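Lettered A, B, C and D in written order, each chain numbered from 1.
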Amino acid sequence: MKQYLKNTWDGIWTVLIGMKITFKHLFTPAVTIQYPDVKVPLPERVRNRLYVNIDDCIGCDQCSRACPVSCIEIETTKAIPGEDLGTTSNGKKKALWVTKFNIDIAKCCYCQLCVFPCPTECIYMTDVYEFAEYERENLVYKFSALTETEAVEKKANFEKFQAEKEAQKAAAAAKPKEEQKPVN
Amino acid sequence: MYQYFYELLGSEILATLITAAVPLVNVLLAALIGVYLERKVSAHMQDRLGPMRTGWHGIFQTVADFIKMLQKEDAVSTEVDKKLYNLAPVLVFTGSFAAYAVIPFSSKVIGTEAEVGIFYLLAISSLVVAGILMAGWSSNNKYSLLGAMRSASQIISYEIPTAIVVLSMVMYTGTLSLDKMSQMQTAYFWNWNILGGAEFGFAKFLLIPFMIVGFIIIYISTLAEVNRTPFDIPEAESELVAGYFTEYCGMKWAMFMLSEYGNMFAVSGLVTILFFGGYQSPLGYFGDAIGVHWMIPFEQVFWFIAKGWFFVFVQMWLRWTLPRLRVDQLMSLCWKYLIPYAFVNLIIIGIITLL
Amino acid sequence: MALKTETMVLNMGPQHPSTHGVLRLELELEGELIKKVIPHIGYLHRCFEKHAEAMQYNQVIPYTDRMDYLASMYNNFGYVIAVEKLMGIEVPERVQYIRLIMGELQRIASHLVALGTYGLDIGAFTPFLYLFRDREKILSLFEMTCGARLLYNYMWVGGLSHDIHPDFQRLTKEFINYFKPTIVELDSLLSYNKIFIERTANIGILPVDTAINYGVTGPMLRGSGIKFDLRRNDPYSIYNRFDFDIPVGKGLVGTVGDCWDRYYVRVREMEESLKILEQAIDNIPEGDVQSAIPKRIKPPKGTVYSRVETPRGELGYFIISDGSTNPFRVKVRAPSFVNLEVLGELCKGHLVADVIAILGSVDIVLGEVDR
Amino acid sequence: MGLLDKEFSDGNIVIAKVDDLFNWARLSSIWQLGFGLACCAIEMMATSASHYDFDRFGVIPRNTPRQADAIIISGTVTLKMALRIKRLYEQMPDPKYIISMGSCANCGGPYWEHGYHVLKGVDRVIPVDVYVPGCPPRPEALLEGLLKLQEKIRNESLRKKSA
């Protein structure tokens, strides 16, 4: 009987305590951030969409190798002599045309492993997170500064150059006693 | 109300229609406002904001929900028992709508001044059980079936404490008419039944604690009858997915929702009438004071609706505070706690009334 | 004349609100009484161990994040400790301290989700949101430090990806002070609520010997009354320097080893974590967090087993190295997986609603169960 | 599709206005199927929690597909789960929308290369409306995906598209 009354009392009392707490919260201001109208500034280290500053990229492929999910696709073509690609902002000389630098953001796992090995610090994570798309193809980001035709042209150039070199080599092999010019 | 409109319009059909339309509008409004209020109350209790982007503070949210549900496809599984499946939401809605026939919103606005109003109210609200059972059975879904079975046992069990408390109040007031009960608790809050009724004397003060106990019992058991947390076992979201309406979509589901919110207001109204003076104002009538007597019914409507919504708010408040009981605990709460207390209370109130 | 009756087979999940992800339970019911529970797993099998074979040692770390996604920091922690043990790397003091602080913050965050969803399973929606509100504060600390909210890839072999933010210590202390009242509030809102007690006390009692036979660890084992915590019993990192209690189930409102005890052990563990944080946060020594990171991670041939106490129990990594840059084999002893096995034992003779309560108190993370 | 969709072949002012009303209703009450798969589900829960509050947009989780309008695929879809997802999708009444949340749902994510057991993108089994990138996406990113979806719904019409 005593237990019976205690149960009744406990039931009512704990419910009232709970109600007191929720009632208190009814009048505490909400913590909600009203997203599209209010955007909180993100911390500086925030990891969102990858960005490649292609001007600084030397096409060393390190980020692609560091990526655990292989979402970075890089194709490069050697520059032929006479083409000046300029230098990166930290003074490295560029020697490769980056004909293709695609990041499939849909595959990316935002682990930041690609950022650290980059010798020119040209690949980094930005604070852009609003990039939802209707089509998945749009999530493949193409960073290469060269257009398709330019890329084809550079490739062709290099192949031509290669072929010439081969031809020269062949010629040199045919005429072995000729004075040997350093190739390139 | 019928008489009033009949005299006004002279047409039986029109008068009937209007008399029926008033509760219907009330049910619809109760659902619309109820859902919105539910979302807002829950949101603010949880340090959130709730709907914000449809109109000012999301005030049209339920309107949007409603229009959306109107245009949803009526997806019906091929395995359902078509007749029962389609009939169930109608029946549930009828049960909750018909209850409004006897609820006095004021001394003038009342569907029918039935002498056995409270008896009718208890009887008609049991219709919901049939609808729920039909819904659960015909859906051909095990979760629905479990929900329906739980619901049937729950609602039928909780009718008993409700009925006992109602009985004690009937004994005390000596009438079955809801309108008369309201009239007896004349204006000013110290005349309400919760504070011992309008008769001033020793018995009044003796009654107060037992009235409070009665109020708590009937509030808990009506809460269970309308399937609200902590008694929302038939639709227990974390166990039974959505209970008996798991397979319903679009407007058919909306009818269940309508009836739930309609019922919420109806049982709040019942509690108000039994214990909190029905449509009577707590502080006297403004119309009386300035001598404009036609204003009084409007004031009464205001007070009734305000009191009703207050109890609906408390239902929500409880819902967002408490966890859910288990099905056997629900039964033991009813049979082991509420019914004994209700009986003891009945006897004591009876004795005090006789004194 | 006896009526012919049949048992009902109820399929719960993979899409069910309270199976904590995509667990599928096959329940054999008699009315609402459970006769048998058969968990089906594999709906989130992501082949972590296969991936680990194809990756370099440091590339595995993002995948460990995704195993127990509620306690990513701790999964990183376990993995890097294992690799460091394999390579014999001594990490700087500062790194040890920061790892420990992150680990304990993560423990609180993980328990917040566990307790919140447990309340949700029982039917209380509001505590869930209160706890998530506070978890958000921890996540912002993590985000400030390493830039990610959920999957951090923060601990590296031999060091950390970033040093802590200059504000980190101040904000953590603020958080500790802010968080203490929340536990009190949770106690009065949920833990000692009569309905909650009714739902969880004396439900799913796990006796000590069953727990040990099944190899259950973590709060589940401690809920049964055994004081076993790897932080104390097999100290790793620098846990032996700190003073903290190991809460065990005492059967305050029911029997020792019931759901309420398991729940309450988690609540108390958050308090203990706060205690550790308070001791550690002011004593972070100066130093470089990346000084011990090896240029190339190429462990010698050999095997290693290393275990840590994650919020869910003993997480063990067994690594076989063949001397190359990729691990030859990584086997994970996942606490959730082992704890889940005992479910069938716990559910016998209970009702459908109790299965939810029991499953919630086991606190599984499907990413870890299926790996 | 819904009740009246694609019933009309020529437009007029009435249909245009009804279009607007219906689209408004649809976009402001997208009820989501409460359904979590993996890591992203935690961020989805965080989005419905107090700080970001999905309810502001009228999004509430419904546990049964019959009452849901949108399904957020939040996490890795394994081949075993793909069948279930397809079935859930089929159980939802029209009009229904899909948000693919996170890398795993978009295209297999970190598991696309070696994951013998992972579906490489949920769009191989069900038509996706919006892809939200991230691993996992921030709650704001998911909200932005939702806004994109609302934008898409706003441009729907009851009219048949002329061939």
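Here, a residue touches a chain if its C-beta (ideal position, glycine included) is under 8 Å from a C-beta of that chain, and two chains touch if they have at least 3 such contacts.
No experiment lies behind these values; they were computed from the predicted model shown.
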*Considering C-D alongside A-B, which chain pair is linked by more C-beta pairs in contact?*
C-D
*asked:* Taking each chain's centre as the mean of its CA atoms, which one is most distant from chain B?
replied: A
*Can you check how far apart chain A and chain B are, centre to centre, with Cα atoms defining each centre and the answer in Å?*
59
_Centre-to-centre distance between chain D and chain C (centres being mean Cα positions), rounded to whole Å_ = 30
_Distance between chain B and chain C based on Cα centroids, please, to the nearest Å._
44
_Where chain B and chain D are represented by their mean Cα positions, the distance between them in whole Å_ = 36
*What are the residues of chain C that contact at least two other chains?*
16-17, 62-63, 126, 129-130, 133, 136, 151, 189-190, 193, 195
*asked:* Going by the contact rule already set, what residues in chain A reach two or more other chains?
replied: 7, 15, 18, 21-22, 25, 30-32, 34, 68, 109-110
*Multi-chain contacts in chain D: which residues touch at least two other chains?*
49-51, 53, 56, 63, 110, 113, 135, 138
*Classify the inter-chain contact topology: is it line, ring, star, complete, or other?*
complete
_Could you list, by residue number, the parts of chain A that touch chain C in their complex?_
7, 10-11, 13-15, 17-18, 21-22, 25, 31, 42-43, 45-47, 66, 68, 109-113, 116, 125
*Residues of chain B that touch chain D when the two form their complex*: 39, 43, 46-54, 58, 60-61, 63-68, 70-75, 237, 241-242, 246-250, 253
*State the interface residues of chain D toward chain C in the complex, per the touch definition above.*
33-39, 41-43, 45-46, 49-51, 63, 65, 75-76, 78, 80-81, 84, 88, 110-111, 113-118, 135-136, 138
*What part of chain A is in contact with chain D in the complex they form?*
30-36, 39, 48-49, 68-70, 104-110, 129-136, 139
*chain C to chain D touching residues, read off their complex*: 14-17, 21-22, 42-47, 50-51, 54, 62-63, 66, 69-70, 113, 128-130, 132-133, 135-136, 139, 149-151, 366-367
